[in-house]
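Naming follows writing order (A, B, C and D), and every chain is counted from residue 1.
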Amino acid sequence: MIGLGLPRGFLITLKNFVRPPVTEQYPDRHVGLLGAAKEAGMNPVHFLFKRPGDSIKAIAGLATVPVAVTQSSRFRGNEFTFYEDRCTACASCAKYCPLGIIEIASVPGQIDAQEGESYKLEVFDIDIGRCMFCGLCVEACPYDALHMGTDFERSKYVRDELVITKEELFAAPKRPSAFYRPQFEEKRFDPFQETIDDYHNAGRHERPSDEELKRKWVDER
Amino acid sequence: MAVKTQPVTVNLGPQHPSTHGVFRMRVMFDGEEIVDVEPVFGYLHRGSEKLAEERTYTQIVTLTDRMDYVSSMLNNQAYILAVEKLAGIEPSPRGVWLRMIAGELQRIASHLVATGFLLQDLGALGTPLIYSMRERENILDLFEMLCGARITNSYLRPGGVFMDAPGEFWPALDRGLDDIVRSIDDLETYLSGNEIVFSRTKGTAVLPQELLINASITGPMLRASGVDWDLRHRAPYDYYDRISFERKLHTASDNYARYWVRVQEARESVNIIRQCIDQIEPGPVRPSFDDVPRLIRPPSGDAYAAIEGSKGELGFYLVSDGGIAPYRMHVRSSSLINLTLLRDMLIGGQFGDLFVTFGSVDLNMGEVDR
Amino acid sequence: MMEVSSLTTFAFWLASAMTLGLAVVVVTQKDVFRAAIALAGSFLGVGILYFILSAEFVGVVQILVYVGAISVLMAFAVMFIQDIASGSRPSQGRVIGATAAALIFAALAFTAYNTEWSSIDDITDPVAVAAMTEGYVEVGTGDYALISGEAPTDSNEVVSENRGVLVDSTSALGVMLIREYMLAFEIIGLLLVAALIGGLLLMRNPPSSSKTEKGDASA
Amino acid sequence: MPEAFLDNSLWRNIYCVLAGDSSTCAARDYSSGFFPAGMEWLAFLVSAAIIIFLIVNAVLGGVIVLIWGERRLFGRFQSRTGPNRWGPFGTLTSVADAVKTMFKEDLVPAEADKILFNLAPVLIAAPALTVFAIIPWGVGTYVADLNIGVLFIMAITSLTTLSVLTAAWSSANRIAILSALRSVALLISYEIPMALALVGVIMLAGSMSLGDIIAAQGIPFIIVQPLAFFVFFIAAMAEMARAPFDLTEAESELAAGYLNDYASMKFGLFFLAEFMAEISTAAIVTTLFLSGWKGFDPIPSHFWFGAKLIFVLFVIIWFRMTLPRLRVDQVLKFAWKGLFELTMINIIVTAVLLAILPNPSTSELWIMAAINWPVAIISIWGVSKLLGTAPYSHPQPDPNAPSYPVGSESIPTDAVLGAEPSNAANQAPQAQQEGGN
């Protein structure tokens, strides 16, 4: 059909012109009056009279609302989530890292060998500046101590600041990604909304009840 | 009597908007006609093959992601097939179906990128590029659901994939496939009948079949010349022998034929994925660690496995000396081999067609230089 | 009124200075491309002079043809010359060229000196007077060309008084070309067609080199 | 001399406020002026300066708005949002861009011809601004209504070529020179159909003055002269070097063509000139084909002109967003073999119609339109048929073809379809465009 191809192309672009844009704005979204009212939880007319200043701002296109970026819960972000209490300092993560950017140093723990010997972490540094977020370290962790994080806003002006230390890791909010952690998906855990602060809940199994523990460890002996 | 002119040599790249990465060409022009082309590459060389000799078999998966970074899933697939062949691993069926779905999605994404950039090179100021990138984003969203990453997936492991697809993946995939079909329809309405695209691409950079076969060109470039050569059909790997699909061929072997074959193949991939969804069976997605440990030590020997990648035959050749890392890895990257006919395609053509032809090869400099 | 027309005089001197100054640059400049650009500027000055003389049609054609086309072609041709910046070697026929230029200049100066120049204020030519009063001019027997157009309803006198005979020269020129100088017009047209065909023949590739046909076959 | 301008309300209002004592102004109820009597020449100069200031700034402001609007529209055409961060709806984005451009380092290549390199931006910006002198923005709002207005536009726009050549040559860059060669070929080729397309309009209006052409448009000439509009619009797009004719800048081929070596405000001037050309083209299209400032009465004429202008700009942007670029030889072929013929058809048809219906009234214009539209559609169809390419077939593989193990043999003969690819285009046309379903 010679001659009709170009007009059809024009119609397609026009169709896309009237379609709402697919762009996701970040870090905040510019909204009009309706959006601002929705954000404030009022109906637009109410909003217009109740908060005239904000309304004018919204009509002028200056009102913004923060955007929650929708991502899969398996998203492999930086800012690893780490549960020190689960870590045995086995250094599997460091061994499996293709780039060798995890640095671990450990000392024997002060706990009596009778109660279960464990090693204590001295150093646990991840050089995020070279990390490629393949997740092999998380896959290698046998005790679910290390998880991928879900944060992605970790830009720094200095390369050295990109090394996360043990303290930083521990202080960071515990929003583990569901990457290689099917237990989080089974629990329908949403890392973008909630946190897992108790290390017991981050494992492959539910934390056993006190009775169960007593039965297993005290009564059986 | 004719006016004598003097050819001019112009250096294009490595920093040029249309070189699909960092590629350099020393081009000799006579007016608008190309007299000579000298491709210079290696600006993106990262030594992946050498790096692989220092990595375990699982770790190398992350390197393959970065070779052809617009079709990492297919790279993973080719590499994993080679590892499985080398170590004699029997993959889990569900893992295989999942990696076929992922691979076909990646093929669609890659073809969309190729088409979009070809039209960008045609000078369509980004509109078709953004339309195809918009659809690619949906596919990348699916990848994020599967494996948590959009581009450098590292989804596959020897014997299958590392994790089963989440529950919300399947309805999203259904919706996504419908969207893809609709968007390909749009793209075809927009451009396949467009007279400017016709006149720019038809009859330019025609390559004869014999030359293509002799230069061991594969993929859409070869099929655009009428050679029915698709490894999914000719040498089925994974479960492609249980899938029936049409091979899309064109005989013109020009830029338009290459564009057409890609668009049709993307459409056909949707069919393949639908068949995979119908046939997928429950079960583990990878063998247990007793069968396939994390540290694979394949017996001494070598193996070559190839798949029909988005750009042609993508093969991995692995040599093992019995250790935890391959003794040698070689990649048969279709981008590099398809590039070998660049001179034949360009010389005698117009300068305006240079980057269109270049784009119609569908190169990825990450794969060319590795 | 006097002062405003002295502005016109000022503009005249400016345009003349531009024309002559750039013409000097054309002759003295070693770099041929710069000379071509200066020549375009000189042509532009001439165009402005035509505007000042109210010959707007001629002025615009001067810009369109000389600046927009001929200068561009000159600059274009200059690009094919090797070693532009060092300039061309002194030509053999310098004396002849200088003599010819001097003769042409003398002829022009003589003509200019002997012409009776009249200003708009004291026009005696009956055609011009008719044009000023009637709004049209007789060009050839029985044919009239509209000159001043429709005057605004509120200021009839002002407009017909100030749009002189030279204002709308376009239609008069057209009628003249078609009626009185028809033969010359046609001959010039024929000449241009011949030149066009000659140019095409020059640029045509010899039939033996069929390689370049490849690009042609595509579209 | 100034009296010639006094039927122009823009001049009259400014000039007569400054020099109200002169007799001509007094006749129009301007009793006293700012300057004493005898200083009319100063009043003339000052009013000229004021008008130039107004027009230049209005145009530059328009360019700023256009750049923002164009980017917003691009965004919408591409399913994006467009700039929306800086100021309300991103309106300050182009201001920020302008500030950034001015503060950038001004680089001059070592090999460049410094004088011409610095001259070229001026050479391109000046003609782009000059065109605005004759555009009637509304009733009585123009700097000058030249009676050769249409020719003036042609002459001034032809100067762009020279500036592009200068820019390319002086920056001593081969890619820039390639771009300049294309530019010259393009501009010279498209000036001819552009001028010839206007002949139909000039014949209908009987004048080359833009004011007279607007007056002659009982109905907009786009209805009476569809063919002329078609050719003029395309040729004007080419003169602007806008997509699909952006061969000179062709970012995917020549990076930025002749602009490659320009930085800072010199680049900014080229950029401004490009957008000024866009506005002036839209204004000229509005004037010549959309009856300029004419409209219904209660709404002022300036509004009508602006609305039509914005509509034309939208169409230009729409074109730019939709169409891929043509190749040089195709562009030239299109001008000489396509548009040239169309203009010739248009001139002949219009001449015949005018011989039958001299000095057409509005109803006679409708009759002309009724004849011109079928002629336009048939001739455009015919030309596209002449220039178009034929579709060709896509043979499909045999679905029952056997599989072959890799490496066991060479490519089987049955895998090879269509023996001679060069003959493929000549095979029986059509068949399975959709792929044998």
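Details
What we mean here is this: a contact is a pair of C-beta atoms (placed from the backbone, for glycine too) under 8 Å apart; a residue touches a chain by one contact, two chains touch by 3 or more.
Every value quoted in this text rests on a predicted model; they were computed, and no experiment measured them.
Chains that touch both chain A and chain B are the following: D. In this assembly, the chain whose C-alpha centre lies farthest from chain C is A. Note: centroid distance chain B to chain C, computed from Cα atoms, is 61 Å. Distance from the chain B centre to the chain D centre is 41 Å, each centre being the mean of its Cα atoms. In whole angstrom, the spacing between the mean C-alpha positions of chain A and chain D is 51. The distance from the centre of chain A to the centre of chain C, each centre being the mean of the chain's C-alpha atoms, comes to 74 Å.
The set of chain A residues that touch two or more partner chains comprises 2-3, 6, 9, 12-13, 16, 22.
Along chain D, residues 77-80, 181, 321-323, 327, 329-330, 384, 388-389 each make contact with two or more other chains. Within chain C, residues 215, 219 each touch two or more of the remaining chains.
For chain D in complex with chain A, the residues that touch the partner chain are 73, 75-81, 84-85, 88-90, 318, 321-323, 380-381, 384-385, 388-389. Against chain B, in their complex, chain D makes its touches with residues 74, 77-80, 174-175, 178, 181-182, 243-244, 246-247, 250-253, 255, 320-330, 384, 388-389, 392-397, 399, 401, 403-406, 411, 414-418, 421-422, 424-425, 427, 435-436.
Against chain C, the residues of chain D that register as touching in their complex are 1-4, 6-7, 24, 27, 38-42, 44-45, 113, 115-116, 119, 146-148, 151-152, 154-156, 158-159, 161-162, 165-166, 169, 177, 180-181, 184, 188, 191, 207-209, 212, 327, 329-330, 333, 387, 389. Across the interface of their complex, chain D is touched by residues 2-3, 6, 9-10, 12-14, 16-17, 19, 21-23, 25, 30, 60-62 of chain A.
Residue ranges of chain B in contact with chain D, taken from their complex: 8-10, 16-18, 29, 31-32, 119-127, 130-131, 134, 191, 194-200, 202-203, 206-209, 213, 225-229, 231, 233-236, 241, 244, 246-253, 260, 264, 267, 306, 350-355.
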